[in-house]
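Working notes, structure below.
Chain lettering (A, B, C, D, E and F) follows the sequence in which the chains are written, and residue indices restart at 1 in each chain.
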Amino acid sequence: MPEIEYKGQKIEVDEDGFIQDPSLWNEELAEYLAKTEGIEELTEDHWKVIRFLNEYYHEYGIAPMIRKLCKETGFKLKYIYELFPSGPAKGACKIAGLPKPTGCV
Amino acid sequence: MADKETPLLDELEKGPWPSFVKDMKRMGEKNPAARDHLRLLEKSYEDKLVHWKHGGIVGVQGYGGGVIGRYSDMPEEFPHVREFHTFRVNQPSGWFYTTEALRKLCDVWETYGSGMTNFHGSTGDVILLGAPTENLQACFNALSENGFDLGGSGSDLRTPSACVGPARCEYACIDTLDLCHDLTMEFQDEIHRPMWPYKFKIKIAGCPNDCVAAIARSDFSIIGTWKDALKIDQDAVKEYAEAGFDIQGLVVDKCPTKALKYEGGRLELVPEDCTKCMHCINKMPKALRPGDEKGAALLIGGKATILQSAFLSWVIVPWMEMKPPYDELKDLLRRIWEWWDENGKVRERVGELIYRLGMRNFLKAVGLKPVPQMVFRPRANPYIFWWPEEVGKNG
Amino acid sequence: MAKVVAKTDIGPPHYSNMLPPIVKENYGKWAYHEILTPGVLVHVSENGDKLYTVRVGSPRLMSILMVREICDLADKYCDGYLRFTSRHNIEFLLTDESKIEPLIADLEKMGLPVGGTGHSASNIIHTQGWLHCHTAATDASGIVKAIMDDLYEYFVDMKLPAKLKVAVACCLNMCGAVHCSDIAILGIHRTVPKIDHERLHQVCEIPTVVASCPTGAIRPDPKRKSVKVNEEKCMYCGNCYTMCPAMQIMDPENDGVAIMVGGKVSNARTAPMFSRLAIPFLPNNPPRWPEVVEAVRNIVDTWIRDAREGERVGEWIERIGWERFFEKTGIPFTEKHIDDYIFSVPTFRSTTQFKS
Amino acid sequence: MAKVVAKTDIGPPHYSNMLPPIVKENYGKWAYHEILTPGVLVHVSENGDKLYTVRVGSPRLMSILMVREICDLADKYCDGYLRFTSRHNIEFLLTDESKIEPLIADLEKMGLPVGGTGHSASNIIHTQGWLHCHTAATDASGIVKAIMDDLYEYFVDMKLPAKLKVAVACCLNMCGAVHCSDIAILGIHRTVPKIDHERLHQVCEIPTVVASCPTGAIRPDPKRKSVKVNEEKCMYCGNCYTMCPAMQIMDPENDGVAIMVGGKVSNARTAPMFSRLAIPFLPNNPPRWPEVVEAVRNIVDTWIRDAREGERVGEWIERIGWERFFEKTGIPFTEKHIDDYIFSVPTFRSTTQFKS
Amino acid sequence: MADKETPLLDELEKGPWPSFVKDMKRMGEKNPAARDHLRLLEKSYEDKLVHWKHGGIVGVQGYGGGVIGRYSDMPEEFPHVREFHTFRVNQPSGWFYTTEALRKLCDVWETYGSGMTNFHGSTGDVILLGAPTENLQACFNALSENGFDLGGSGSDLRTPSACVGPARCEYACIDTLDLCHDLTMEFQDEIHRPMWPYKFKIKIAGCPNDCVAAIARSDFSIIGTWKDALKIDQDAVKEYAEAGFDIQGLVVDKCPTKALKYEGGRLELVPEDCTKCMHCINKMPKALRPGDEKGAALLIGGKATILQSAFLSWVIVPWMEMKPPYDELKDLLRRIWEWWDENGKVRERVGELIYRLGMRNFLKAVGLKPVPQMVFRPRANPYIFWWPEEVGKNG
Amino acid sequence: MPEIEYKGQKIEVDEDGFIQDPSLWNEELAEYLAKTEGIEELTEDHWKVIRFLNEYYHEYGIAPMIRKLCKETGFKLKYIYELFPSGPAKGACKIAGLPKPTGCV
């Protein structure tokens, strides 16, 4: 299992860079993960997405559907791709510390 | 390549059908990933077990789909397939190519990938099999420079595909290639940025022969058909008869609705009985042709077995004219997606949603008029729902 | 990660740039066609133009080396144009009838068969299998090769009662046309998923896993922060594994292959039909799956012997009745053939009409 | 309460004591039969004996006065034997051919019609309705009388394309053969049950009420010690009312009648078939339900005009297609005709085969 | 009876079909309950509403069924139908009667009830319509003294019924009357003392014409059929032809399996293609007859629409010999009941239980061998269950 | 709604003699109700049935199925009819204070 070094702490991630233990997630780690997705700085709009994802996940145990994400953040999907070029699943969910999305590819 | 490396697979070099093993070996000599790929497959043949890890989520900038992530579960032993992602490259309508275009694809894939491909995947894309994560963006860039784009994957619109249609088929009732290309271009966003409960597939067949298996494999099947009477050239009928072809036995008797009569050397049709099954036309292409009033039937819900059983698509529009810019069709698609996206559960195909919520809700939401062509037969149960406005106050 | 971002959403190349001139000129104007010899079609247009098509069997899984060789041939005989079919065959498009023979000779040298038209067995629609997929219960390319070696004579000739469409899918996801093919080979699991309780809550969404089960066999197990499976309800579909890597479904000892028959897609004569279970299980026996090859051959042989001219496998079976199908093929009928899923009841024989 | 307890479990009288001598003698030895005139059959036995049957239409709902009058006739013409049919007709069993005419003359005097054999409309299978049942959405005897008055000519003659079996059931419980009749009239509700929350927990088992709902529309309402109904899911089947008097489903303004067509029971030619929805709603219009009578007549007339010799209603419709049935009868097709219950999907037209 | 009492119902005195209103009026003149019954019905005709209260549970000593409780919701206005319970009296097999027996029934009902009856209820019983609670036991005692017993109601075995069969039908392949009587006697306890999850109905038809609608209306349908070839009398065939009967059009062309050929004046059968549908025999009863190897097909699951849709019975035993004492059949019935009673939910018909738990569990539990005759066609989905003993250890 | 007079208290019953408010039930009332069903004296076996019914109803909110009743009491159905000649539904349930059984008759 690969690891990332972050603030001296070793954190297990999978090959795709998703952290393996969601409980280790925090906002600073998010900033670190963002860099792995090519995002230099997390703006307020980024945070809006990340927080919504993280909170939704902790409330319902699942990632929200994209329609929900767009509705709740008020962002068009295109804009979310601008914020997270690798998209909501690979990009935003990873940064928000959610388990890796599965299912239909 | 060492001879003993893949003793099991070597067995598949024998026999008359072209051997993928021979071919992979050749490629393996040039490309270590192709070699490890074959070796890993040999390992699966030994173990009777797949040696790919679950899942994988990789991609290129700006897209949510088009690349399937894949990692070997034996990265040490097979280092060149440690990361082995596939591209789904959107094929040109009807799978027509110039050799020039094909060679470009090969060149890109020589540079960035394993050199192995599928022409094509069963949705219709060109599948480029196996590239490491670090090559993905560059490979995509190169594809794009050479005029190719990715197809769908994930919960999005999957790459539409179409039969050869008017390009080489006398039966085509609609311009399958143009329609396929037009829809693909119109819905680039839907193809590249997954946003729905699950996948959605469109397939386009020029006539009821359905040479792309649209009715079985697409959530939305567009199948060419006609409205008026099929056309009979009695002289050509005679020629068939003279050539000894058994018109009565092989054509007339097999018409599902007994709409044909063959008497006195003439083949006569009862037009209102014909259900446009194509059989007679298929058997006598020189004598029979579809009618003039051409268009398409639209069907919804086709899919494989997960979760609620396989569905064949079912009719929702018995006949629609199919002329560019296809606005009526596109509007309908958008209304369908809107309803499905609003009401569907995660991983619920549109057909399953209709099953769950009932056709009445679907038809109302997308604004389609119920017609008997939508069903083989009406309901056998009396469990009829009424809209509140249809009944008086309760009590 | 590459820094230059490509142009997105350009879509596929426009097909019109890929069409040979004769196709462009006669687009939508074809009058009729004939099959000249197995694998060779001629389409005649309203103004008399003739387009010859040579259809060539392909393993689908091809290296760029092979693709380039095919291009060489297309350059040599077809002015640099070619196409693939919806069943993954290669089609060379010629305008000059005299070039057909030399092309076929070159193909023969390359070991590529010409055929697949009319009443033949066309290429097998198939999927990834052990070659690239993570949920495969069997391989695809290997089975396909083994079966096509055996059915070869029916690809290169047109001596079957009707078209024969075979499909292979390596797991229940059925990425192919297994559910509507004349004969279908399907990778299946037969044991309950093994749960990795340690990992599950870290890598999977529990509600999603629970919802993934078509039979409701999965329940949350809050104590373990995991799930549990009601073994009696599990029918090994593997859908939970698709949603969650901690629900391991692969089982080399018990995975294998089921065979379904009688499906079709076209609307000709009958409405499209699903394939239906013929043989619930055959073992995975790589590299050549002899039991599977033999089972397919048996069904094909019986069909050839018994069907009437023009009868697809499913039409033949529906005419003689499934009771006769099992009798004539010698395949045992078991409780496993009887549906017990959502739409089972309409498949139960609610009539005294049957053959004794 | 009576104190003398009767002998129990004696069972019905033995049939052999009820059979006329000619039947006893020829039991199991009948060779063939003929229909002599509408309503008059002759069965010929292997040894040449002839049994004449005169079939007589009956309202089924009969007073003992009428039963006794029938007995008088059976005494006069049949040595005191008679039977009833599975469709509630009366059958007089004669050995003397010359008595047929006088019997028929007596029946005429009593106003009892002779007929119902061969290609005729036999008696209507029906149920209790407002006459005795508690869940009825319509009456049965009244509708039956009104329809049979209208179809009378087809009972006493054999001029239909085939047998015509009509059924009436006064609620969705379908105590009859409504689900498999050529034409079926069915009492339906159209509004959600009104819950008597006060009474519910006293007189009903809440879990039973919840479980009674086929669509899961009923949920417990623990606060009120009652239940609540999800109105969108309720399709007014009345099953909750059957289980619980506090779920009142009757609604005079909105209850009425649906018409289903095309069912059959026999295995002759086709397998048995369900009746299917033709008209989702017609109002309850006692005493003669003119809309219902007219609707039945329209279907019968269209069938007579269009069917081929020997085609039952369902066979006729399956041949011409349901799209033509709606066209030819002029009955509007609505979303209500499209199934949305458990087995809906196989009824959806998954083919492009249809008539435009 | 006052003329204006039932103005709506009076309309039903008109018309050629026998009028139940006329008859009830006659009865009403002798019996106040019959009169109130008609008046209450008139009230329903006015209100378009049933005027019976929900439910009612009454009975006779020692029995749990056979009497249906019924109370008017307007007892003050219609005092004579305040309590108006019905008896279900078990009919003799095949609905044969002597007038003596019928007159006895009438006499009993004159004494204790309203005088109104149904000959018969749709399950097959004689229905005696309307008696007050206090008369129930006495009425039952009188019935019993006159040789009649009650039929089923509630969650029990319902009164079996049978077509006329060998008593008057040349097609009968089994002795429907004897079998019906024998089962009725054997299962008196099951008929009279409800003990199951729900009702269970048995109907017996002598041949596939199914003149008791067994397949539609009984959980367990016994339908006579034969195994060998049907019998053809070629001389009689000639007579039909000479009489101008269209053998080709009305018989041969309508054979569902095309098992017949009519050539050179002879009607020939391909025995292995015949599915014993009866059509040809029905059309030419003088020429054709069922074969010699007679028995019955057994089918399960038939029922009306509540809850999971109407089911037609489906085949579970394609052929069983039907000879007294019918032990094999009775044993099977007992095994079925045992399984259903053990596993069924409240108000779950046996067919619904099989649907829920799967045929495999049912067949295993009752010890029946799976045969293709049980299904129209095998499963289209791959969701196959395996018994633990069939597969090796997991991993 | 009919009533019965029992120990001076008026208790609502329906036409079939089932009490309308199950909460009013007690063992003495059971003895009274038994008489309306023609049972002169309640034996221990009667009580076994009655108690089982009553307890089952209070635990699950429904009457047990007959099979359950026989299994739990160990009595054959025939014997239960001997104890309660009007049967378990009409007789025993009424005496045990359960709501009137509904459904299929």
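Going forward, a contact is a pair of C-beta atoms (placed from the backbone, for glycine too) under 8 Å apart; a residue touches a chain by one contact, two chains touch by 3 or more.
Just so it is clear, the structure is predicted and the values come from calculations on it, not from any experiment.
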Touching subunit B and also subunit E, the following chains: C, D
Chain hops separating subunit D from subunit A, counting only touching neighbours: 2
Chain pair, B-D or A-B, that carries the greater number of C-beta contacts: B-D
Centre-of-Cα separation between subunit F and subunit B, whole angstrom: 65
Geometric centre distance via CA averages, subunit F-subunit D, whole Å: 38
Separation of mean Cα positions, subunit C and subunit B [Å, integer]: 12
Subunit C: positions in contact with at least two other chains: 1, 5, 172, 174, 179, 208, 214, 237, 242-243, 245, 253, 267, 272, 274, 341-343, 345-346, 350-353
Subunit F residues counted as touching two or more neighbouring chains: 38, 62, 85, 100, 102-104
Sites on subunit B at which at least two other chains make contact: 53-56, 60-63, 68, 189, 208, 210, 215, 223, 256, 276-277, 305, 309-310, 312, 346-347, 380-383
Graph class of chain-chain contacts, one of line, ring, star, complete, other: other
Touching pairs - complete list by chain label: A-B, A-C, B-C, B-D, B-E, C-D, C-E, D-E, D-F, E-F
Subunit E partner contacts - residues on subunit C that touch it in the complex: 172, 174, 179, 186, 188, 190-192, 194, 214-215, 231, 235-237, 251, 253-254, 258, 260, 262, 274-278, 280-281, 318, 321-326, 333-341, 344-356
Touching residues (chain side subunit B, partner subunit C) in the complex: 8-9, 11-12, 14-21, 23-24, 26-27, 30, 34, 37, 41, 44-45, 47-56, 60-63, 68, 70, 84, 86, 90-103, 105-106, 109-110, 115-120, 122, 124, 129-130, 134, 137-138, 140-141, 143-145, 147-149, 161, 163-164, 166-170, 172, 175, 177-178, 180-181, 184-185, 188-189, 192, 208-213, 215-217, 223, 250, 254, 256, 276-279, 282, 285-286, 304-310, 312, 345-347
Sites on subunit D touched by subunit E in the complex: 1-2, 4-15, 17-19, 23, 27-28, 30-33, 43, 51, 53, 57-68, 70-72, 74-75, 80-86, 88, 90, 93, 111-113, 125-127, 129-136, 139, 141-142, 145-146, 148-149, 152, 155, 172-180, 208, 211-212, 214, 237, 239, 241-243, 245, 250, 252-253, 255, 263, 265-270, 272, 274, 284, 286-288, 309-310, 341-343
Subunit C-touching residues of subunit A, taken from the complex the two chains share: 14, 20-22, 38, 57, 60-63, 85, 99-100, 102-104
Subunit A-touching residues of subunit B, taken from the complex the two chains share: 53-65, 68-69, 71, 83, 133, 153-155, 189, 193-199, 341-342, 346-347
